[in-house]
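Letters are used for the chains, namely A, B, C and D, taken in the order the chains are written, and counting of residues starts over at 1 for each.
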């Protein structure tokens, strides 16, 4: 499944980049993620609970940040396993400053599903992706507007 | 009164099905029965680093969990293949092991890894969720052509480039190349004959039962051929004694090929039952069926047909990559080769034909026979070529076919027709079926309507398909030479009971075809007794001596012929007894209407009296054994060759690309017909499946070889409102080489219909120019894109 | 195929159901017709600990006229709506849409409230309710409220329903004279959900379109009102040319879904075709 | 925790303890040995498990047994009256509306609902009315004929009375 989207934020790229590199923030804004534990440099153990309509599943696995080009881009590598199937995704995230205080975040990547999710979930996948990315952008926006959440 | 042949006799088997009293495998509950749930690989290709069953083992109701390691350690073999096809250079095909459960590596999504056996279905399922498997995902490949490229993931280390075999048939390549050079026009098509999923409405199920006290094994299974399953199970997989193994295929809810094969779950249930000393049942979920039942078709082909100026076919060249899946299913190697390549003559006088097939392993479910098996692939290829060629050469597609048809021959006065691809057709009048179809459709009138419709911006189309198929696969000596590892005869036993009632035992298995009626008609008609006095017994290896099952439309042509042989023996013996009782010479008797009569007199003795005498032989001819029970093996002299002409009329919605099938006309020649109602029913069902492939059905694998439409929410099954009422008729050209003159009707509908529908859509899209890239199924989006340019 | 273990409670009334939801919290799920939930539970895509069955709450199953509104209880089945003369008189698209949901067996069990609360973007009711200008009535521990259908569907399987709230009814203002409606659906051939569905309610007075409402489902992650069509058509004559022009921008702002039955481009194209078909059927 | 449920099945009252998760189809097959109702899929598409609950066709694989507590259930086994086949059963036999027989009980029960709603359906209405039931054997051709046969058989006496 192709993942693609973009959103404009009222913040400079370096600020967004920094937030995205912060495990606590990332855990807060990533839909479904309930726990993100650093297990090594740029590597996290992630627990996610996805609840969406007819689907509800507990996922666990790894999240890795690679190819960091601060503040322009990085690649998020996700491997999540569950009883209802597994998800593996490589997503490139680009931050492009479109003005002094504006940045366009765009992501482009591919998610691979296996097991039950792959077999039965096709009809709903792009909808899930759309909604999850909307939620992510909204949460990131809120983080950016809330100074209390700025990483040190 | 006892004349049953050719009559639309209502089915004997219906009552139990109509009242909910059918007995399918999953309906059977045995005392002390356990339930099995199979844990399957979520990945198409992955190494198993570790399996932890400890948590699951302690759950409520769990009796035992076995993994692939347990199977391997028990020293049994895997699932064998029933057909061998060698490489062109003479090397034996690659035949990698196919274990009941994998221990080291899964090779397709759905490969069995472990089996949980519990007191209930629910407990087995719950425990399966608690098994932890440490997987290491490997790159996977689903596409047969890509799989042969260098660097593609290897399904089996022992098969370089994933090639199982390569194979060639027909005239030497150079001769075909030469003929092609003479061609005035060459039509070329490159296409995929997509993978379809059989979807018998009853999912597979198996119950293994081992009785320690007697050492007897029983397998209840959803099989089209219980005897072959028993043979493979005993001789190849488990090494258990065949005489102590009973295989029962009770009522079976459709097969369409997918239940011919011996599946791992059958052997596994026996294996588990032997260890646990209790019966164990496994019933496939539909989701599981999607990913474990053998699929059908999946060819990637390039086909070229050369024509002279007048439109006469000069040569045909075909290169096919046939997807076999991850392991070799029972008949897998035979389907794309001997059941496909040999049919590429079609109905046409093509002087030069070369077909080249590569059998390929991929990380997908096994591919094997599906209704038609090889013949639909051949027909699709030929008939798409014909219609495309007609378009390209601006000729009428019906005319082009009529011009190229093999002239009529009856196989008696005129010899059979020898093709360029190994077969000798039995008898046929191919012009007659197409002419009848054109008459039924009102061809000229339709073309006028179509022209008018086009003016109004409506997309009406007509498509043709004429086909020949080979049924009743045989004779054993020939198929043996071609790689079959079993004979392809059939067994028919007729036991006349003392009261004159008749029990018939056949190795052909009925799972919807109505054998209990058709076979009874043959027997009652020949013996001149009421239909009700005949009982057909099938599907139980303890009752029926032996058999090769039902597939390839072989039941009546081969199984029916075996019964007729036994009936002849009954009548012959009866004549001896009758002659004795009537104090007449045997040659002075005639047998008709259920009695032996002394010619020219009214002296006669009824069949029932002769039967009673045979069992109460107090006044009996000398040297004749008591009893009336004969068994015969019939090994056919040749295949039978049904053929036909199908015509589809469609309307395509210009705005959406949605295709509505408006009419479907089928004229088939299946030889003599015993029960026209049942034959019509077989044709209808075949048509729906063939139309399904053209418009709706197709397994989809993503780049990681994940089956992504593995449920009825995503795999489109034809429904009642997707189809019109069919307009069908037939011609009758008897088969000259079997006693009933029958050819077989099970697959005809499925073979002819697919290309007819595709051709009709292409014809409807004619106003958008001639393009060839429309792939099945013809989904609305594909058709819409085609119109967009 | 069996679900995970769960407990089952049958709610006797709406208030009882709310009390039970409050008591059991996130672990509980409401069971109405069950035709989305039970298949998901069988596949183990979902495993609630408790099901609160509201199917037999009689106070939820009705279709009635209440003043200038048609009110449909959440427990009315699709079949109830499909065969309701009242519903037909109000908007013919109501029974039309009901009849296109699933199949007869599904329509006999599935409820309108269940479908709306489930908010499958490919379901048929959301588009129809938006076109009908309906309001969705919700009841929770803190009382009752109602939300316009247009605002109710917030995303993929997401609605404005809050925790412990129950969808009790849908009310539809009776349309002004001269109103006609239609629901047109392009089906996903396997599941028979909508790839695209378009509902249109059009009021024509004196040869001009006075009011028009179009709801589109299947296209984006939630059903939405096609405001652009409404803007383009009000005050115009209901001609094919005007409709053609109006539907051109259908879904322009939508995050269009895609699957193996319909790509983004094709879905968007279908939305235009079906919006037009619905508008044509409601005007010609 | 098992729940006690009571329902009327084919005219007989039954009371049993079942788990909440027991599907109605499993209850009928496993607890009542009414194996005429079949399971053909797991997504409630195929219709093989169709039965009547309180007079309406439902898919018994998508209903919990506990949901049917207090209901009246009719399965294929309960369709014939006094040993006489229902006109639909007769129609399916006369018109060869079945082959392997697996989809047949569900198909017939769906057809009962269909004729109940629309006693004199057109061919198109029959085809649309069967959208919830798959048959892989017959191509539906003879199923349509079977239902037409039954409709005629049911309507004829009524028409005779009317005239």
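Criterion: a contact is a pair of C-beta atoms (placed from the backbone, for glycine too) under 8 Å apart; a residue touches a chain by one contact, two chains touch by 3 or more.
Every value quoted in this text rests on a predicted model; they were computed, and no experiment measured them.
Contact analysis places B-D first among chain pairs (by count of C-beta pairs in contact). Centroid to centroid, with C-alpha atoms defining each point, chain B and chain C lie 44 Å apart. The distance from the centre of chain A to the centre of chain D, with each centre set as the mean of the Cα atoms, comes to 49 Å. Separating the CA-averaged centres of chain A and chain C is a span of 31 Å.
Residue positions 1-2, 4-5, 39, 43-44, 190-191, 260-261 of chain C are each in touch with at least two other chains. Across the assembly, chain D contributes residues 19, 21, 26, 39, 42-43, 45, 131, 133 that each touch 2 or more other chains. Among all residues of chain A, those that touch two or more other chains are 83, 116, 120, 122-123.
Chains touching one another form the pairs A-B, A-C, B-C, B-D, C-D. The part of chain B that touches chain C in the complex is made up of residues 121-122, 125-126, 129, 285-287, 655-656, 658, 696, 700, 708-709, 712-717, 722, 779-781, 784-785.
Those residues of chain C whose C-beta lies close enough to touch chain A in the complex are 36-37, 39-40, 43-48, 118-122, 155-158, 188, 191, 193, 220-221, 255, 257-261.
Taken together, the chain D residues at the contact with chain C in this complex read 1, 3, 19-21, 23, 26, 39, 42-45, 47, 50, 56-59, 61-64, 66-67, 69-70, 110, 113-114, 117, 129, 131-133.
On the chain C side of its complex with chain B, the touching residues are 1-2, 4-5, 43-44, 186, 189-191, 260-263, 266, 269-270, 273. By the touch rule above, chain A contacts chain B in their complex via residues 83, 85-86, 88, 112-116, 118-120, 122-123.
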